[in-house]
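By written order: A, B and C. Residues from 1 in each chain.
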Amino acid sequence: MRWLVLAVALLAVGCGDDEPAADERPRLIVSAAASLTDALTVCSREFEGADVRLSFGGSDELAAQIRQGVRPDVFAAANTRLPEELASEDLLETPVEFATNELVMALPGDEREIERVEDLAAPGVRLVIGAETVPVGSYTRDVLGHLPAGVREQILANVRSEEPDVRGVVGKLTQGAADAGFVYLTDITGDLTAVELPPELQPTVAYGAGVVKGTEQQELAQRYLDGLTDGPCADALREEGFGPPPG
Amino acid sequence: MGGLAVTAEHRLGDLELSVALEVAAGECLALAGPSGAGKSSVLRVIAGLVAPRAGRVACGDHVWLDVERGVDLPPEARRCGYVFQDYALFPRLSAWQNVAYGLRGPRRQRRTRALELLERFGLSARADDRPRTLSGGERQRVAVARALAPRPSALLLDEPLSALDARTRAAASRELAAVLHAAGVPALLVTHDFQEAALLGDRVGVMDAGRIVQAGSAGELAAAPATPFVADFTGAVVLTGTASRGDAGLTRVRLDGGGEVSSAEDAVGPVAVTVFPWDIAVAPAGAVDPGSARNHLEVEVVSVTAVGNRVRVGLAAPQPLTAELTEPAVERLHLRPGARVVASWKATATRLLPL
Amino acid sequence: MRWFALPLALALAFLVLPVLAIFLDSPPGELLDALGEPGALDALWLSLRTSVTALAIIVVVGTPAAYLLATRRFRGRALLITLIELPLVLPPAVAGIALLAALGPSGILGGALEDAGIQLTFETAGVVVALTFVASPYYLRQAQASFGALDRSWLDASRTLGASPTRTFARIAIPTAAPGLVTGGALAFGRALGEFGATLMFAGSLAGITQTAPLAIYERFATDFEAALALSAVLVAVSAAILLSVKFFEGSALRHD
């Protein structure tokens, strides 16, 4: 009998969290693109008036969750297409653009032979990119789409893995498994070398975010969203290397 | 076929095993002792399932183990048949497949030989049955047949009768005794039951705490136990005879070799008669004790042995009989080898075991 | 005793509902269509191929290993058993990291593998390695338990009847322990079929080469939920079929005893 009491007590403790006392802060749930991990994690701690819970993943995966009924309060994606789609499906309030990023070709620190994107077409190059449906993957395909067909096909033939989010691409590069990959400038770590893309190839990487419809924390969510363009989070984004919103 | 010669010294947990024994071809040595005495360990050493710290095992000219010389044949290289305590029949093989397991050669040949053996044990009808469907007695016979099939040079049996119920045990022990003699190889049997050892063994060795305390014929051990332990362990005297219905609800038993006793138990046919030495009273010849004792046998004193504060008196009826008396009683009766006396005991103290 | 029915009903509902939902959420016609799309069948075939290969390796190497562990006492046996069971409690992500640390290009054996010309990352072989790593404890544990449950006197009897330890292993131990071994194999196969994290981290994800069914489901989940459902439905059906045939085999083996 004693174990039963103990089990119930443990359950109560474990679930106790969900019942905020009168003086506890409300919770704000934010789904954000994987590339925003470092910036948002730090700045969200300083958000006043609420406990921010962050959920990072491929933007397409997060959007799919919202479509399936999983409702965060704020959604921040690595592109503008997904927030706009959700808005047209009446799942998101009108989204705003809050940051820009740059797509770069990333090479492991000791790579010597690849200097330009066209070099990726050489036989034997092991290339890792994002999957088609995840923003970093679709930006990559935009880049390749600007190349002559023959070169593009050879490069695509060298693709060895299509990762579900940008962290997977970075991971493969840092382990030394891949010779090159396409990631955001903000993802470049000390072990990687970034090769900037020539302006004619550089896609427009704009990040969009919006308040999820039906949220119970309308004011807090809006304030968080505003904070992405002007506030501690905006500053954190700048520090990580994100550009300001266009226009 | 040679005999078995074994010496072994080994430490097993708290037990210090130290034995030396020999068994001639065609002979059966029964090791009897309480559980924990190390009896099964002796068998395992001989079979090669355990390697002792020191010792030697030879069967005829074949040396199976010689620790000093670094010889240690694995079990599969020793031609040693082993009947396990719970028979250890392979559950997924049929009776004939079990028996044929140790044989080599084409399937048909093996099956033929297996069926031959099963026939001899009266189990032909059960050849294709799985062990699970066999009775205890049938399983015991399959186990013995299986051990004998590869024509082993020695036979080891671990409590071969103890898993059987009382009724089956009687017939089984008779069968087993016949099998052992027919096999013609040295046989070593272990049991916790001295009666079983007496029935099946040509010689009996009493084991305690890892050592063979005394060895000899069953009658010798009962009549002249070397220690109180042996005296306690050998306990009952075992006579053989034929039983039939008697008067007043008693059973009359005509003893082999002469003499007649009565028992309060029921039995017909060949029986083993058991009575404890301390139930036997001894009186001078000619003096008939008018007490309620029903059995009187004229016997001759063969030996007088003091064991602690008791005295075991070996008697010949002519079958060996043992009485246990106090020293003063022995003094009073002037018992010495050659004296003729009357041994008597109650019919109710006479146990019968059908054979 | 009657109140026990409630927790059971809850457990059943909780476990069965998500599985049922896979089949009920979309009309069967759409599910079948989604299956027909090329990547889906590739992923399923790859999953089956790699899981079967992993299982074969696990059984061939694992069976004698489990037998030795179960039947011999030696120093450090308990430690060895714990080590072998470790992947069982490792989260798949940790398993992925562990494999990379050992066999990845920058890993301990990475250089040696490269010299030997063995390429694991981005290759189907890498998938097999990952599956073998995460699934083997499931088999080893079960096999060890099954061999351990064997009556030692059977094994001894076999030796006294002239059979070497190898022969005893093959003719007595394996057939007698078979039901348990099959269960272990089924568990390992199911685990391999469902592996996701370690495969993704160690071998990557590329259709036809390394994108197993779970990875394909994950990719489709974001954009084509019907396709994800369809693939999931097939995986569920395959797993259920495996489970049922194991139960059937166990049952018939027990009856024939």
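Quick note on the criterion: a contact is a pair of C-beta atoms (placed from the backbone, for glycine too) under 8 Å apart; a residue touches a chain by one contact, two chains touch by 3 or more.
Everything quoted here is computed from the prediction, not taken from an experiment.
J.: Using mean Cα positions, find the chain sitting nearest the overall protein centre.
T.: Of the chains present, the most centrally placed is C.
J.: Among the chains here, which has the CA centroid at the largest distance from chain C's centroid?
T.: It is B whose centre lies farthest from that of chain C.
J.: Using Cα averages as centroids, what's the distance between chain A and chain C in whole Å?
T.: So the centroids are 33 Å from each other.
J.: Where the CA atoms of chain A average out and where those of chain B average out, how many Å apart are those spots?
T.: Roughly 85 Å, centre to centre.
J.: Just the number, please: Cα centre separation of chain B and chain C in whole Å.
T.: Result: the chain centres lie 54 Å from each other.
J.: Taking each residue of chain A in turn, which ones touch at least two of the other chains?
T.: Residues of chain A touching two or more partner chains: there are none.
J.: For chain A, which residues are in contact with chain C within the complex?
T.: Residues of chain A touching chain C: 58, 60-61, 63-64, 67-68, 126, 128, 131, 133-134, 159-164, 168, 171-172, 175-177.
J.: Which stretch or stretches of chain C touch chain A in the complex?
T.: Within the complex, chain C contacts chain A at residues 100, 104-106, 110, 121-122, 200-201, 203-207, 210-211, 215, 218-219, 221-223, 225.
J.: So in the complex, which bits of chain C are touching chain B?
T.: 151, 153-154, 156-165, 167, 171-172, 175-176, 257
J.: Enumerate the contact residues on chain B facing chain C in the complex.
T.: Residue list for chain B touching chain C: 47-49, 74-76, 78-82, 84-86, 88, 90-92, 101-102, 104, 130, 132, 146-147, 150.
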